[in-house]
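Letters A, B, C, D and E mark the chains as written, and numbering starts fresh at 1 in each.
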Amino acid sequence: MFRKKSKALVAMSIIMSALIMVSGCGASKPAATPTGDAESKEPIKIGFLGAKTGDVAIYGLNTLKGLNMAVEELNKEGVLGRQIQLVEEDNAGQKDQAINITNKLISQDKVVAIVGDPTTGITRVAGTIANSKKTVIMSAGSTGPDVVEIGPYVFRDTLLDTIAAPATMKYVIEEKGWKNVALITSKNNDYSVGLSKIFSKSIVDNGGKVVIEEFIQDKDTDFSGQITKIKAANPDVIVFSGYYTEGALIMKKAREVGIKAVMVGGDGLQGDDLMKIGGADVEGSISYAGFSPEQPTPDTEKFINAFKAKYNNELPDLFAAQGYDALMLIAKAIKEAKSADPEKFKDTLAQTKNYEGVSGTITFQEGREPIKSPVYLLEVKGGKFTLLKKVPVEVK
Amino acid sequence: MSLLTLNNVTIRFGGLTAVDTVNLEVKQGEILALIGPNGAGKSTMFNLITSIYQPTEGTITLEGKSLVGVATHKIADMGITRTFQTIRLFTELSVLDNVKIGCHCRGKAGLLQALTRLPGMKREEAEIEEKAIKSLEFLDLASKRDEMAKNLSYGEQRRLEIARALVSKPKILLLDEPAAGMNPQEKVVLMEMIRRIRDTGITVFLVEHDMKLVMGISERIAVLDYGKLIAEGTPLEVRSNKAVIEAYLGSGKFKSRIRR
Amino acid sequence: MPILNNLMQQLVNGLALGSIYALIALGYTMVYGIIGMINFAYGEIFMFGAYAGLVLALTNYVNVYVALLGATVITMVLGVVIERVAYKPLRRSSRLSALISAIGVSIFLSSLMVRMKGPNTRGFPKLFENRIFEIGDFQITIYQIVIIGVAGLLMLGLHLFVSYTKMGRAMRACSQDRDAASLMGVNIDRVISVTFAIGSGLAGAAGVLAGIYFNAVQPYMGLLAGLKAFAAAVLGGIGSIPGAMIGGLMIGLTEILGITVNLSQYKDAFAFTILILVLLFKPSGIMGRKANKKV
Amino acid sequence: MKKLLNNWIVQVLLFLSVLALTALSTSIIQDIIPPYLLMIGLFIGINLIMALGLNLITGVTGQLSLGHAAFMSIGAYASAIATVNYDLPFLIGVLIGGLAAGLIGIIIGFPTLRLTGDYLAIATLGFAEIVRVQFTNMKITNGAIGFLGIEGSTTFPIVMTIVVLTICCMVWIENSRNGRAMLAIREDEIASSAVGINTTLYKIQAFAIGSFCAGVGGALFAHTTTFIQPTDFGFLKSVDILSIVVLGGLGSIPGTIIGAIVLTSAPEILRPLANYRMIVYGLLLVVIMIFRPYGLLGGVNLRQAVRRALMIPKKKQAGRGE
Amino acid sequence: MLKLEKVDVSYGSIKALHGISLEVTTGEIVALIGANGAGKSTTLRTISGLLKPSNKESKITFKEKQIQGISPHKIVEMGLSHVPEGRRVFPDMSVYENLLMGAHSRKGKPDQADFDRVYHHFPRLKERIKQLAGTLSGGEQQMLAMGRALMARPSLLILDEPSMGLAPMLVEEIFHIIEDINVAGTTILLVEQNAHLALEISNRAYVLETGEIVLEGMAKDLAKNEDIRKSYLGE
């Protein structure tokens, strides 16, 4: 009995090895020449990692629009005499697919940098791989903790919640006088859990008070229980740290039972669906963002006009602007380092100070965490986000 | 001498008394048949003995040890195995595996042995295989050992069920309508097999409707009607028992009101 | 009495939510009663109903009742088609095959909807103006009245249908003894189709009600709602129509109760904890009949 | 020669050398093939380990579980806590992950395995939801934010060696007294207890081993992605693993292997289908069930089929082709 | 009225009936007797469409129409009612509802005459009209099963073991009712293991053994036939 089986085992391991060999051979296409080489006239490849399908597709698609703008602009003159080529892959918002794609981009497509997924979770996973493979990755949207700490190749160009959330709370409590806060967290959303911590600290710091703390979950649709409790607590303002979909639904339910307070939240509320779903019920909601097309600087205005021309009069959003800036930052570093070798230009990139991007002024601190100025406070008015206030951030 | 003893056994389902104060002894080494019209409670008796049902009243003992309340799977361990009225084979498994599974209660190997495959375990496996093949040979199924059980003919399936019950060398073998669905030739073969089983020292207790078979092989016959034991004795005695004839052929009391 | 008041308020919330679960649970229970299979795709039929309601509501001529009726009819057809295509060929196979087929249908339907309407949550238009009725300190919205009312009416209608019509009687007969029913001249295939139609119609109606009440529809909304409704059906005793109603209301109320006692983050666990406990101590559910072991 | 091969020590050595060969060959391969494909291979391996576990529960013992992802998550978190918080070596972490999942499997198994069929399915499903909610709300798991800073210690050779080990164990179990008892339970519980099989015991055994495999898979998964969140282990993950088992053929180890390869690489292969991918996937499940209700290799005696195909090609094939 | 020609039936690979041929003419009571497992119930289940013949040559003719392979509900509509073995009443329905189910195959509502006919034969059912069928005694359930079948106004009633599990007194009562039903104009095909009873009541009978008809003839003649005794008592 055993003899047969051990034979089978050997056979199996051979078959398996063969299978893997075959799949390996099938994939070894004519490999691209190493791109770090300054002599090369091959295009410099930049990878795009993000969702083009799935439930977070909207972020990825908008980031991609900004990226394409940047590629077009850079290729007019070239970078180090070379063209920029974008390699796009869709991770559908799935972590395991993101791992596969990051590996593919680095090993198969030989990209020098990846403009990364706007979500924190996937950025962490992809960042770990990119850092170990010495490829620069820049997230155009992640705001959670423990991202750039992964290593010297990991960057992001976003407005951090740790800066924006306190500024927002200061405005809400001091200027609006809304001291009694109902704080709602989406418990299965990492962004929301992290942001709520910052919110609740800055509410207290600014002399406010959390009169009721409630929890929901992403994809929940029934909020009647929580809203009933919030109504009983009678807050001045509802602070919600999650995304726009749930935000809109919460406000609809709140208005339904007669709550008058408005909602304040983070950049997770930025999304046209907030108004599409929420309609009149989200009127007056306040959120912050690292970008606003209103009151633009001359550079930003140029970008907005070009964007509108290219995309059918659509206004760029936060993700488009940050995607654009991310690639521009990388290109600038490559130019300054006079090398497309990530090992070299990552240091130049880390030195960036007061870069005037279309989404604001960007400075990388020590440890590559960005400081962006200003914080744009936006308010929903007439079904649109309109600029409420620009709060400048001081670089220490 | 008495191997299995049923003492005042009664079981009620809701309002229905399926088995009613039955007293019965199964003696060492005999072939005992339990007969009776449909719905008389025969299969229920087997289910009581194998602890699938628990009696409402009364006791069942095997060599003095009570079977009431014992987990069903321990009954085989104690030496009672059975076949079922509606064949219950492991249909997707091979004939050999079916019989090997019948050996389960005589094996010891556990998970650790399965994973270490120490010589002791392999010896046990070899023993099980040997026993299983012997049992298949005994029931004339050895040539079908690699077939899937569901691909056997009806008669073969009935025999396979017996082989499975027999392989653990039980003290008592319970056969629930072993001849049902068999053709006359198969029945003759079956009778011979049951006799040979008894000759190896295994007591046979069977429920059967085929009177030729029952009369042909049983030493004693017990007759159940409406859950009550109405007769007990040798085939000759039972055949001439008035109560039995009435139970089977009808009393003859019924007279048609219409002249035909 | 603010606490009592709050509790009353939450009770109404739970009742509204529970009504929606109960409507979906009815579909599970009816199908299980008759062909003994779990139609895992009910959650997705519920979702399709919600979208059908949405599409209808976006055309200008439609009021709430037309949307409800339209969605019900569409999901009825959908349910019957699913049964014919994906389940009927498997009626004699193992339960597992049928279950996997149902899971396949459920993945198919939700992905199809993503394809058709996009992955994002869509707001549900207001089909009528909101009004709040104050009864002392305690208030109820017109939405809640409509949800509970319509759900109640549908359940009453189903009860009357099953109890007093010829088809209803045939359905009950099938669930008690399918062979005997066919000997009475009952066309089993037709009964199964009608069962799927009614069950799916109820799920579709529940979809529209959920759309109105939650203000939102979303391609994946069926999954969790379906699971909870299934839990409700099992809780009440699968196969039992009053059981499904009681189970649905119980799950809805427990969830809201969880929120009331400051355990909102555990609310999804509540439904399933209760379910498991009930299964362990009364495996046939609250209203279920104990099955006899046959040998 | 035959005698030599029957010696236990020789067999152990043979087995160890197979493992060593796997480890060696895979570590050579891993330098040759591109990381992208390597990673797909790695995920195939991880899914296969978990699917083999579920195959033992559902395919062999016939107990439908819809909560496999829960055991995967228990393994993932337990191993991550072990390696990160307690600095234990990676392989010990994997073992702890497996043991934790197996232990919980036993604890859950005792009450729930009294349930049968659909009831068991829904109970395991409910249990998985409870576990997920629990992990979302625990401090040590860092809730929804996710568990960070796990070393990416999982390598292709390690996964493949564990795969081979798992396959061996599964083959051995299936061909032992235990395995036969489990198969018997799947086929007919009443007949099983009539031949003396303690059905509860073997069901729990299958459940424990299956959960152990899920835990090991989860541990390997955690040390691949380096970062885990409760949302990674939802109901659909359980369905994914179940689909592997069912598609390949319930109870068939070669079937499970094929299922794991096909379904894990499917998202990559079906990439051109982009948005239609899941639609096709759903349809595929339905179609396979209708035409092969027992899965691709279900009911096919592979050894017999191959033998017949090679030697007596004219004879009708055994199997379920009705 | 009913004619079976060379009917074969198999369960999977197992053959249960081997070319059965039998005939029932209008107005008679025909009995099908034989030991358990001989294939009596299988024959009846095949006639009423619950089972399908396994052979293309098998023919079942009812009222000059071929009915093999037709769904049971269509056969009921043609006027053939089958009272299955073990009664199979709907336990969670009232007696009244069970009777209504019996009339399911007919268009429109059953009229009072139908109920009166059932009450005439089974006065006991009238007393229990609101009771759940599951709570009736065995004999009452048998009456209900028969009454239920009568609601379809069948021209042919087939009965499977009406005496099973009933006390002798009840058996007599039931059999007298069967006669009454026949006198009132319903043809009857009866399966019964109690041979005396069956032969006493019927005009003609067939004896079934392991899926084959081994004897047939007038009931009076068969009652005297020693072979019957043998096939029952194994003499």
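By definition in this document, contacts are C-beta pairs under 8 Å (C-beta built on N, C-alpha and C of every residue); 3 or more make two chains touch, one makes a residue touch a chain.
Nothing here was measured: the structure is a model prediction, and the numbers come from that model.
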Checklist outcome for this item: Of all chains, the one whose CA centroid lies most distant from that of chain A is E
Next on the checklist: Please identify the chain with the largest separation between its CA centroid and the CA centroid of chain C.
Outcome noted: B
Checklist entry - When the C-alpha atoms of chain D and chain E are each averaged to a single point, how far apart are the two points in Å? => result 53
Checklist entry - Cα centroid separation between chain A and chain D, in whole Å? => result 35
Checklist outcome for this item: Per the C-alpha centroid definition, the whole-Å distance linking chain C and chain E comes out as 42
Checklist outcome for this item: Chain-centre distance (mean CA atoms) for chain C and chain D, in whole Å, is 33
Checklist outcome for this item: Residues of chain C that touch two or more other chains sit at 265, 268, 295
Item to check | Residues of chain D engaged with two or more neighbouring chains | outcome: 11, 136-137, 190, 275
Next on the checklist: Quick check on the complex: what are the chain D residues that touch chain B?
Outcome noted: 8, 11, 169, 172-173, 176-181, 183-184, 186-188, 190-199, 205, 209, 251, 299, 304, 318
Checklist outcome for this item: The residues of chain D that touch chain A in their complex are 2, 5-6, 11, 14-15, 18, 21-22, 25-26, 29, 32-41, 43, 136-137, 143-146, 148-149, 152, 160, 164, 167-168, 171, 175, 224-227, 229-232, 267-268, 271, 274-275
Checklist outcome for this item: Listed in rising order, chain C residues that touch chain D in their complex are 32, 38, 85-86, 89-90, 93-101, 103-112, 114-115, 223, 227, 230-231, 234, 238, 265-266, 268-269, 271-273, 275-276, 279-280, 283, 295
Item to check | Interface residues, chain B side, partner chain D - complex | outcome: 50, 52, 71-77, 81-82, 84, 88-93, 97, 100-102, 104-105, 107, 109-111, 113-115, 117-119, 121, 124-125, 128, 146, 148, 151, 164-165, 168
Checklist entry - Which residues of chain B touch chain E in their complex? => result 15-16, 37-40, 150-154, 157, 177, 179-184, 209-216, 226, 239, 245, 248-258, 260
